[in-house]
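Two complexes follow with subunit A in common, the first pairing it with subunit B and the second with subunit C.
Up next is the complex of A and B:
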């Protein structure tokens, strides 16, 4: 039986905190030494009308490292694989032929085309992780909109956030 | 349980891997027509070009096969399937019993009558084909056909300095793109040194092996000819009274990938699949649906419910340094968004997006694919920034205006 990675790593995006400063994008480019073109993480801003005003939300989006990743399944040269121990979807650039099928099947548009025509994608900064550092985007975020950890850690963090908000709600059981 | 898989292409390989993911005890036997380990035909043009090594083509290595206990029978074809005895017979006369059978026998290239059994006529489907093209074409080669495979081979050969002449029955990539985008591709191919000849009588091929080809009044010397005229499913070994075949000789399957015979499933290029944008079923020789179908078929075999909802055709082609993407159908009203050299063109039917062609700006191909699968209407995409120009909003607004007047395609 295949089971979910025991220590599935992920990045949590707090849409309420993101101020669209693009620090994560810059840090990512520097960490991966990327030229103009591929953006492994990308800040997306959306606006919609609300009460005669404009409501804006922003969030940085990178690869979400899916459990059943369509890109891994579709890759015709097995260049993409999911690391068993932490669930990071990694690209082997030697095997990649740049056919871009992963880009077409990815619902988030995460794989990017590098200048040499091959693909490049978010690797959750595996080399930084080895040095016990957080991914570059997470470290760079000045407002802590990005949080990094195992699924378990992130899940309890989100619950904590929820409880904190509920605490302010009138009628919530008080001590 | 003994699962027998006929064919080791995309569907066969993904099927075997799916079983192993969920079930470590079942016996798996994979029968391949080819003598080599399962490989990725998608990468063959890159191999011809010399961009990747032979080793990189293979999907499995011996270590993998051993580790996952997959019995791999190479160089054998299946000649008949006996449903009642749950038995298949191979070309050397040996029989094999199965509990569940997956037919993933793939498809073969179509050849016209005058090309069959003629030396110097190549197709591209297997490693042997690729080796032949790689070693036997030196100076000039004729490519018959102008589909995705033909264009990929043409570009690969052109990049290694071979003179390529393409014979085109109507226009380049006509099934994938609108006429003016095809023209763009046509121009791109020509400026990069590929010669394209329009409709002409091809019956005048001389020599065996192919030596000369007549184009109009001119006779051209060539090293060989590559036929890329599409594929036909490998289903001739099946009894069509037991396993029902469709009009294109493809196996008819239901949404669980079951054939009309019990315990026999089919996946990949040998099966007819439904195009979700048009609702029609036909042979769609594409890699991603084959992988998905192989997975769905085997999940059902081992008792996990899985449904295959149909295929959204997706094609990506690199024409030298520009990438072209075609998703879904071309049949409907068109909305065109363009900036600089990038073009995104939606096909819309009754407000729903059913197709998209992209030139240059392909970052959102995945997003648009999932929108099409979900039946998103064009108005839902109003606020999306597809090309950084902000033009989409106004284009769609003007479109809804057009929609009211129900006028023709606006480009």
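Up next is the complex of A and C:
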């Protein structure tokens, strides 16, 4: 059993804000200088009927950096590992043999095949983090649907959002 | 690599977009290594968009046009050879001279649109074109009819800025607008208003992701929004929810407007628009009872009746008193800054003392192809096309190509081998906005920025100002184009003293223009710059301006069915029952960016969006290859079956190149919004309003009936 990272980092996706503008996808391409093919983050949109009308949901989906990451467990060459200090699941491309087992077991379809046949995945922009910058997708998002932080920060943010919404909807007494 | 050691340069995105983002370019050894949003920009707040983050991919694309080229095959065959700048310019000037001698100056016309919105180089180009006596190209296919609708109702077109209304309004109405594609930085301000408890209402034939988040969305049949507004007005008057005091104090012609509105009970509006009666009533009650901001989009311009659609909506805002307050406004863009800068610009385009004929031939861009085909005495024989891509973007591609084929000279200044460049006699390599200076006044917000040259011109490309100045010098106007003048020299000529140039240039900027240039709350004093000084339900100006011109000059915003619709064209509709619209997609700006592999990956192949009801009736499944056709042409595209589009309507995204097989203008006809009739698009420059703001004539791309069939015929 692995120990939880003391400062697990993550990206929170606010589906109430995402409008499928694709800025995150292209910013990710720029940050990682990616060719056509691998899409480390990808906007998925769905629709379904509701009362004669239509509901639409969109969200940018990337690696969620699992605690017990199936990709890490399945990787036969130990190319995938989870960083202890912040929980980022990283791929060592020198070790990767392109067997795609990580993609097979990933519940989120996150690992991608690069043009050289090896795998490539979201690294939460570790290079940018070193320079005290947020991941490229988060910095890019023009509607500010993506938030980056430690689990503690994100959890507080979501709680605050919930309380605000309840306050608006239910109209809790205001001083 | 240490970011701090990189050169950090501020610039601004010049694409045809509401947002005019502040950009920071990080440069190392003359090469841009990273682009980011400028966090000093209060509106774009450090974020770009999909296009903004694609600029490195675009600027350093291997597909850039790298050197001047001359056509060797047939026109449009795409066979070119490399030539030197000197040879290209020598041959172009010699042909222009021959054409001038044989036909006169008006045989030359520029073709330019919003591909790059900097305003300095177009002024330098105008200086040359005015001296040469060329046919003037003007008008717009974007916004002119909508603009005219506001001019005839409010006397001007002004908006409350996003950062202001979002803190005050109780309701946001997004009407005929798709901000996630064209105005994405407005969306956080919508969210801010909603956090404060404001309602969001979206009116659009397509349910966009933003529309789906709304408290209410209405899906009118394309082109019937005017009837929808009149129906809402009827309900408001019926229940007595109008703002009687505002009407009494600040409006003109209410009784006549009321008689028009009386003809539009909600049941009739519902039959025409296809919007349920209850939804029209609910929308009307919200607008009447809540402080409302109505944000219109370009979608309303896409029909022949668009001028009166916008008049009706503008009157609806007047009826409910939703004007002149920080949280109440009806508008769609605000060109106050551009108009202000243009005041001093005349000294560039019309140099003092130069003999310039100001009654020359004028062509409205919406029908530029028709004008080339129709022009006589003299015919139009030469086009210099820059900052625009006319082949896929003008309505009726067949006519456009026919027009290009009768030219003696087509010069295209471009970064990429577009459809239009493919038809050129000479293709000249253009600089991107990172490689030349410029000034791009925003029409969405009130922060002025300049583009400084961030890197030297790539390959053999030259700044637009240099190309036009060189043409001027070679064609006999050397004294007007001083050698060595850069964008800065020209910018100093036009910048008003109260805006110091350095305040908008990196590392400074963006510069917030003062209230005198763009007021924060337009019409706050209840005064409107119309003949009556009031909001005009009955427009006096439209009667005066239109009295000797063809067109629809009704002083009231009466609803007239659009020219090609299932109602106005029942016979055509029997063959072609579906209305085709061409909406905008987030990954391109019109025809720009779609040639980039990153964008193609997101967008996929050309598609037609079709409702499941219409798809089922035609045995079409999602992903099927289908033909979309009418008498004007045919496209083979993939079907995307989606309930987000209204039954009876299909959408093919605007901007696909003809050579990619998805260009919707293969199917459209040359129709324009009112009030002035487009005819053959030929006018006189002294008989046309600046930017068409009284003539209208925006492109009626949505007046297009088609049929869709499974498979390829």
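As a working rule, the second predicted complex is superposed on the first by the 168 of 175 C-alpha atoms of A that agree within 3 Å, B and C clash if a C-alpha of one lies under 4 Å from a C-alpha of the other, contacts with A are read in each partner's own complex, and residues count from 1 in each chain.
Here, a contact is a pair of C-beta atoms (placed from the backbone, for glycine too) under 8 Å apart; a residue touches a chain by one contact, two chains touch by 3 or more.
Source: prediction; values computed, not measured.
Student: In the overlaid three-chain picture, which partner chain does A:164 touch, first (subunit B) or second (subunit C), both, or neither?
Tutor: second
Student: Figure out whether A:143 sits in contact with subunit B (first) or subunit C (second), or with both, or with neither.
Tutor: A:143: touches subunit C, not subunit B.
Student: For A:20, select first, second, both or neither according to whether it touches subunit B, subunit C, the two together, or no partner.
Tutor: second
Student: Going by the contact rule set out at the top, does A:12 touch subunit B (first), subunit C (second), both, or neither?
Tutor: In the superposition, A:12 touches no partner, neither subunit B nor subunit C.
Student: Scan A:74 for contacts with subunit B and subunit C and give back first, second, both or neither.
Tutor: A:74: touches subunit B, not subunit C.
Student: Contacts for A:47 in the overlay, against subunit B (first) and subunit C (second): which applies, first, second, both or neither?
Tutor: So A:47 meets both subunit B and subunit C here.
Student: Once the two structures are superposed, pull the subunit A residues common to the subunit B and subunit C interfaces.
Tutor: On subunit A, the overlap between the subunit B and subunit C contacts is residues 47.
Student: Mind listing the subunit A positions that touch subunit B in their complex?
Tutor: Touching subunit B: residues 1-2, 44, 46-48, 73-74, 76-78, 94-95, 97-101, 103-110, 112-113, 117 of subunit A.
Student: Report the residues of subunit B in contact with subunit A in the complex, numbered from low to high.
Tutor: Residues 10, 14, 21-22, 24, 40-43, 46, 51-52, 56-57, 59, 287-288, 291-292, 295, 314, 316, 318, 321, 323, 325, 327, 362-367, 369-370, 383, 385 of subunit B touch subunit A in their complex.
Student: Once bound in the complex, which stretches of subunit C touch subunit A?
Tutor: These residues of subunit C touch subunit A: 3, 34-37, 44-54, 56-57, 179-181, 184-185, 187-188, 191, 195, 197, 207-213, 217, 586-587, 597-602, 642-644.
Student: Residues of subunit A touching subunit C in their complex?
Tutor: 16-23, 25-27, 29-30, 35-37, 39, 45, 47, 49, 53-58, 131, 139-144, 164, 168
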